[in-house]
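Got some structures for you, see below.
Two complexes come next, and they have one chain in common, subunit A, joined by subunit B in the first and subunit C in the second.
So, the complex of A and B:
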């Protein structure tokens, strides 16, 4: 249990931030912190795929979108016109559906958030499996291209189908009652509980990932990352481990999509865009690749700053600048930064001593 | 489908295909000397178009385009010298993320300089509605400019890489960096040159295509994705493969419009490409032996 003591200071910081915002009357910060926590959930999952299993994925916004869009569509699209279908009647009698009213007061019959969430997660698992089996055989840039292609396909599907709201996305998504008394909702009254819900989910996910990394699976993954051939020779079933990790991170992304969509009350196509996927990859990289805490720290920081709109219309530019700066001067991520390194990283023309030329240059 | 319609789709496919091919060749040139994909390649194309449009206020068209290409080449050189050259033994992923960051920066800079308006160069000959007929299909003369320029660039690049000593040095650098260094080739200059070269061809393509595809601060991203797809499909580093794959993608896209709604065009094209990639994991014209020599 000793190795999990590291969670204590983090929990303390999470609670301290909440108390601080309550004390200083800046409770609105919690909204962006909650959203950042959900994005970070996706990012720590991706961190295991990239950092530990060594597989790049530029398609994780696609999994996020599958989760978010399915739960949004299932909990808002009215089934009353189809109420006579056998399947709809069956689902209704099983308690999978709930009645409600739309904004005009007309009756509504939709999936309950729990059922929608489970359908979304199962769909993600199936998609991740079907995609993962052929894609994870690819390497390097080819893998990057294939996952990027998957992301574009999901983006185009949500952008082009009326069921997913085309360019407008889906709004009016109801809250998600996890258990009685715990509602995932953007309503102001639920701001503090939601902050804790998001962080609980995120920290549980990290706990799970840490257990995974320190287990047989984690050792196998590191072996794969180090040398696939050697790992295979030692009897490690490379394909299965890669696939399982990929599917796990896809589920994390989808769960982040489900929860954030209920929290925001809607989702738009920009959540599925390629730039989002690229952002997630970049955040994992600036966090130091195989470093869950680095991924968490950068995920929270960069998402929070973006969501606060601190840089106004220069938001993307600042993001690019941070990326370049960290990659130039701290290639092992902020947490891997040693001050002596900065000196080595300075441009060679700024240094006094000439660099000895050699084969290694 | 009538013959006219078939030709019409085919010409549209070849036009877009040759643009994709040029972007892909830009990727390949840098990939060959460094082993990385330069994700700012699409931004070179955008800059070529935007700078030409701006220079056109002061200069005649040919000079404006020439100047735009030269300036973009300068930007390519500056990028390499400021961000890539002095890195000590950089990992591939590190360099890729730096180029992603650069592409975001260039795009944002373009947004603040030129705004988000859609712009375009005027047609080189005639105007929007002037056409000529090929087997009954109506084709804009600008299409010939695009196809012709892209074709000429491919031929010129091939001559450059096969017949000039600098071209051969660049290929040596691509084949084996350490061996090239031992032969007295300054591999770092070759890397700079590869950035200059791919910035130049990207910018020229960007200027020529501007009248038909229009230029906006963010159309580099879409082009980069298409170009990346084509480069992968043709086998990374293989420029003739890129031409074939580019034409294939362009033609698939053009004909998919006749079957599915335009909104699904990208999804269809990319699905087909993914299937090809699953069957041929190193691209249509790549080989696993070649790919095994590369780090990433």
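So, the complex of A and C:
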């Protein structure tokens, strides 16, 4: 339990930020912080895939989109025209559907958010499994290529199909009542609770991932990273471990998609774009790959700045630049740079003739 | 009782016959060595038994069960542990954690149990730690437990690798040149250690260059040359074998 004390200062900061925004009348910041927390949920999941299972996925926006789009479509697309189908009647009698009214006051029959969420998660699991099984048996960066292709397919599907709203995406997504009294919704009245809901989900996810890493499974994953041959000689089934990690992170991404879509009240095709996937990879790299706290810090910071519009029209370019810079100058991430060492190194750097060691000594 | 049987085992890499119809067997509880000049196919033979390579012909039977072509993690699960000629430590992990990975096939907590830290998972974790510490102690490197394995001295890394293999509670231990890179004192130490491992009831098959070590501790020796078995007998006979002398010293 003592290991989890590290969460206390973070919880304190989360509460302090909320109090600060209330005090200074800048409560609107909470909206972007809430959204950043959901993006960070995806990012910590991807962090385990990249940092611990040693695989690169350029398709996590695709899983985010599967979660977001399925829950959006299922909770908004009217089933009344199909109300006579046996399946619809069955779902209705099982309590999977709810009645309502659309913006014009016409009757509506849609899936409840909980059922939509479960369908979205299960779909994600199946897709991740189908994608991962053949790919993860191979060595090298085949997963990166396969997930890139997968991301493009998902993007084109949501852009091309009327069911998913084509270029407009889906709007008018209702709130998601997690439990009575806790509504995931972008409504102003729910801003503060939603900030805490998002952070609770995110910190719970990090807690679970930390416990995973600090266990038999996590040790096996780190061992695969350290020496795949030796890990396999110890009885670690490498392909299965990589697959399960990939599926786990896909579920995190889909859950982030579900919750953020209910929070925003809609989702658009840009959420499924490959540039989003590249952004997530860049953030995990900046955070230091096998570093959940780094992924959290960078996920919050960079998403917040991006959502506040700091990068303007150069948004995607900034993340591309970050990825290149990190790969060249700080492969261990920003936190791995140990900034103190730069200060120590500065006088040497400023010397006219740097002392170089000869090859022969 | 026979624990491992190698029958007419062959491995060809393109035009090179690395292992050529080699047969031998190991009785439970013995120490057997495979020797031969460089390129004789010793390490290939090892990799075939451990599942790192699939044979092009022949059979390997472990406790009566054909294991050739099985994936290494399955073979490990059956109770065959191995060490590597060029030590393969898990980088970024302490000596203790390295040995704890060795308990993998002896434990079973999966993804969900690990994430939730269920009580079963926690008690298993404690048992893993206790056993790993015991083994570090058995090998005399308990004080290195919390040092990053890659920062240890060469001989200590070799000991960690042994502890890691023993953590699997194997019935057969494959040692790939355990004395490589060690000085004569360390080699003698390793020799005593291998004998102690045998006393735990573990059968040992080793590939080794160091003749004095092999002659001291082995019950039987198999000699390979150009992929073929040219002799198999007890050490004193092998030392007198004209064929073996020819291979090692030239005519």
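FYI, the second predicted complex is superposed on the first by the 317 of 361 C-alpha atoms of A that agree within 3 Å, B and C clash if a C-alpha of one lies under 4 Å from a C-alpha of the other, contacts with A are read in each partner's own complex, and residues count from 1 in each chain.
In the analysis below, a residue touches a chain if its C-beta (ideal position, glycine included) is under 8 Å from a C-beta of that chain, and two chains touch if they have at least 3 such contacts.
Given the structure is predicted, the values throughout are model-derived calculations rather than measurements.
Peer 1: Between subunit B (first) and subunit C (second), which does A:193 come into contact with in this model arrangement: first, second, both, or neither?
Peer 2: neither
Peer 1: Taking the superposition as given, does A:265 touch the first partner, subunit B, the second, subunit C, both, or neither?
Peer 2: neither
Peer 1: Between subunit B (first) and subunit C (second), which, if any, makes contact with A:215: first, second, both or neither?
Peer 2: second
Peer 1: More residues of subunit A in touch with subunit C or with subunit B?
Peer 2: Tallying touched residues of subunit A, the top partner is B.
Peer 1: Taking the superposition as given, does A:100 touch the first partner, subunit B, the second, subunit C, both, or neither?
Peer 2: It touches nothing on subunit B or subunit C.
Peer 1: Could you look at A:227 and tell me whether it touches subunit B, subunit C, both or neither (first, second, both, neither)?
Peer 2: So A:227 only meets subunit C here.
Peer 1: Contact-wise, after the overlay, does A:148 reach subunit B, subunit C, both or neither (first, second, both, neither)?
Peer 2: first
Peer 1: So in the superposed three-chain picture, is A:175 touching just subunit B, just subunit C, both, or none of them (first/second/both/neither)?
Peer 2: A:175 contacts neither subunit B nor subunit C.
Peer 1: Thinking of the overlay built on chain A, is A:244 touched by subunit B (first), by subunit C (second), by both, or by neither?
Peer 2: A:244 contacts subunit C only, not subunit B.
Peer 1: Which residues of subunit B touch subunit A once you look at their complex with the stated criterion?
Peer 2: 37, 83, 86-94, 97-98, 100-105, 107-109, 111-112, 178, 181-182, 188, 221, 225, 228-229, 232, 236, 261, 263-264, 266-267, 270-271, 273-274, 277-278, 281-283, 291, 294-296
Peer 1: How about subunit A: which of its residues touch subunit B in the complex?
Peer 2: 56, 134-135, 137-142, 144-146, 148-150, 152-153, 156-157, 159-160, 274-275, 278, 281-282, 285-286, 289, 313-314, 316-317, 319-321, 323-324, 327-328, 331, 344, 347-349, 359-361
Peer 1: Okay, in this complex, where on subunit C does subunit A touch?
Peer 2: Per the stated touch rule, the residues are 50, 52, 71-73, 76-77, 81-82, 84, 88-93, 97, 100-105, 107, 109-111, 114-117, 121, 124-125, 128, 164, 168.
Peer 1: Taking the complex as given, what residues does subunit A use to touch subunit C?
Peer 2: Interface residues on the subunit A side: 208-209, 211-212, 215-220, 222-223, 225-227, 229-238, 244, 248.
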